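Below is a structure I'd like to ask you about.
Order of writing sets the labels: A, B and C. Residues in every chain begin at 1.
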Amino acid sequence: MDLTLLVDYGPALLRGFGVTILCWAAGCAIGLALGFALMLLGRTGLKPLRWAVRAYIEVIRGTPFLIQLFLLYSGGPVIGLRLEATTAGILGLGVYGSAYFAEIFRAGYQAVPKGQVEAALSLGMPYGGILRRVILPGMLVSTLPAIVNMMAILTKETVVLSIITVPELMYEMQTMAAETFATFETILGMALFYWLLVEAVSRLGRRAEARVTRFLTHSSNARA
Amino acid sequence: MKFSVIIDALPHLLGAAVTTVWISLLGVMLGQVIGVLVCVARQSGSRAADMAGGVYVSFFRGVPLLIQLLLIYYMLPLIGIDVPPLVAAIGALSLASGAYVSEIYRGALNGVPHGQSEAALALGFPAPTIWTRILLPQAFRISVPALVNELILLLKASSLISVVGVAELTRTSQTISASNYRPLEIYLAAGLIYLAINGALAAFGALVERRLQQG
Amino acid sequence: MPAMTETETKPRLDPAVPMVSVRGVGKSFGANVVLRDIDLTVNKSEVVCLIGPSGSGKSTLLRCINFLEVYDRGEIRIEGKLVGYTEAAPRRQLSNRELRDLRRNVGMVFQQFNLWPHMTALENVAEALIQVRGMDKAAAVAHARRMLDRVGLAEKADSYPARLSGGQQQRVAIARVIAMEPHLILFDEPTSALDPELVGEVLQVMRDLAADGMTMVVVTHEMGFAANVADKVAFLDRGRIAAFGPPREVFHESGEPRLKQFLQTYHERNSF
């Protein structure tokens, strides 16, 4: 691969990478927050609300991300929702991720041993306190591998944003490939780059996991 | 919102949906073959085979499918193979699926108690027989839910092959909405079709799973 | 047997009102009746043991006392206050907030300890002091240390539960409860999840509590503890209290055939 190409296109690629990171980080943040809210809403006593949450999750998980993006970006303006490509991309990632995160949180909530909550209840702790100090930390431990995995998946999904012309790394790369005709080399380079990126996200996640679960080492003598 | 738009486009969309389904099925079937071969190779005891399999799995699970697709699409002509986009697309889906399937099988094999192969070895079974008669049938049974899930994932992922011009459901929706300027209705319809297919697959998966648990 | 020590009896308690009064309590899970028409009185500084075969309803009864389990019929009162429901005629279940006021005076020790695994022993004890009693962190930690010392675990303050033996975990759980200075402690099979060699240390802590005048209701399979420490023993069978009285009466003088059978199998299992 011609190195002068990298000099010429370096700034654009770097800018694209910046947009990729921005979309990923913002998308993850929205997805996590929305997913957590959905999980809580799904636990309320109101049946219609629970059904609505369920339907949302099933629809998002049952349709391709690309279709969701097209609906938001091309279909949105029809009902007056006119978004810039990057905004639509971030929002799309967030909505897409939220359904999966909500399911992860739901499983995590159920995995917190009932006795730990009962112990807190029997001490007279308020629900907010129990949620914050007992349930959330327990959930964090059991859901972190799945959360990290989902964040790695979202890293990969950012390239799909290029299709709706979000100027992220993949988009810049395709521009470069089209202008220089060094298509295959560029794509190969990109493949290796994303391979490393996803690997890095997973590694970081595993390290975070090890930190969070430090206290779980050593078995107890309890028979149960 | 005009429903007539959807009605008009429906025959085209459904035809494209059939394409989506058979491409995904083919992808998952080829992926199944690749996945089993990779899994067996990795467990064969050869370090080189394990390493090669490991790199394959890591690459195809780590690189975004869109990039894999473009890579294969542009690589084949370079090495003198001129194939229609459809073949490149199916190739990419199969290779990606194979990486996931081999991991599914690896997990399922871990679920088969080690003592069973030992018992077979003690009875004098040759290694290939242990695989075909003891390990793989059980691994398949354990992995059915994961495999159905894999088919659903692949069906959704297949929307990406629209970028190389394969006229499956997503591509067809794009074409139609570009000509009738009704993206909202068309993409909604496409989304519902995907949802219906996936719902049917999930129900089918649950049925098969119940059957296998009974048998 | 428990000596009344004036230090632990709280002046605001009226000695005439029983600590726990259970009247005509019943509970069903669907068609399955687990408690029927239970009457039970626990006076201040008394230790009452609930014994009986598994499935007899003793744990359910215990969990009804602090309303972790909802009872359908009858009433349970703690220090005269109705548990879980409003006093007014069409009774309504209390809100979680109202239940908190009740529960802060009633401690509970669980079979599975239920320590919070992400907090150290000290943090486990201090948490409710901060959240429920509103103590500042320094005071809570100092108080928690004293409580760990009381159960003989001062040196394990900074250990996470996973690093403690079952017996140590249960003692931390007891420290977590007594730190709140409850008027009553409920024990739900506190030694059933422990290896046999670890049972003694937990029972010793419970004996010390009884000697200090703590009111305790204990679901247990430790007949030795029931015989030696309890003031009263209640034998539950198929959701009823089939025998009730001082341990000597229940263990030696009762003519109840189900009780005899229960004690018989119990002796056989424990003799070798």
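Please note the rule applied: a contact is a pair of C-beta atoms (placed from the backbone, for glycine too) under 8 Å apart; a residue touches a chain by one contact, two chains touch by 3 or more.
Here the structure is a predicted model, which is why all the values come from computation and not from measurement.
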| item | value |
| --- | --- |
| Longest centre-to-centre distance from subunit C, chain (CA-based) | B |
| Chain at the geometric heart of the assembly (C-alpha centres) | A |
| Chain centre separation in whole Å, for subunit C relative to subunit A (CA means) | 45 |
| Rounded Å distance between subunit A and subunit B, as computed from the means of their C-alpha atoms | 22 |
| Subunit B-subunit C separation of Cα centroids, rounded to whole Å | 56 |
| Multi-chain contact sites of subunit A, meaning residues that touch two or more partners | none |
| Interfacial residue positions of subunit A with respect to subunit C in the complex | 113, 115-116, 118-127, 129, 133-134, 137-138, 141, 215-224 |
| Touch list for subunit C against partner subunit A, complex | 66, 68, 96-97, 99-101, 103-104, 106-108, 110-118, 127-128, 131-132, 160-167, 169, 173, 176-177, 180, 186, 193-195, 198 |
| Touching residues on subunit B, where the partner in the complex is subunit A | 58-59, 62-68, 70-71, 74-75, 78, 152, 156-160, 162-163, 170, 173-174, 177, 182-184, 187-188, 190-191, 194-195, 198-199 |
| Subunit A residues within the subunit B interface of the complex | 58-59, 62-68, 70-71, 74-76, 78-79, 156-160, 162-163, 170, 183-184, 187-188, 190-191, 194-195, 198-199 |
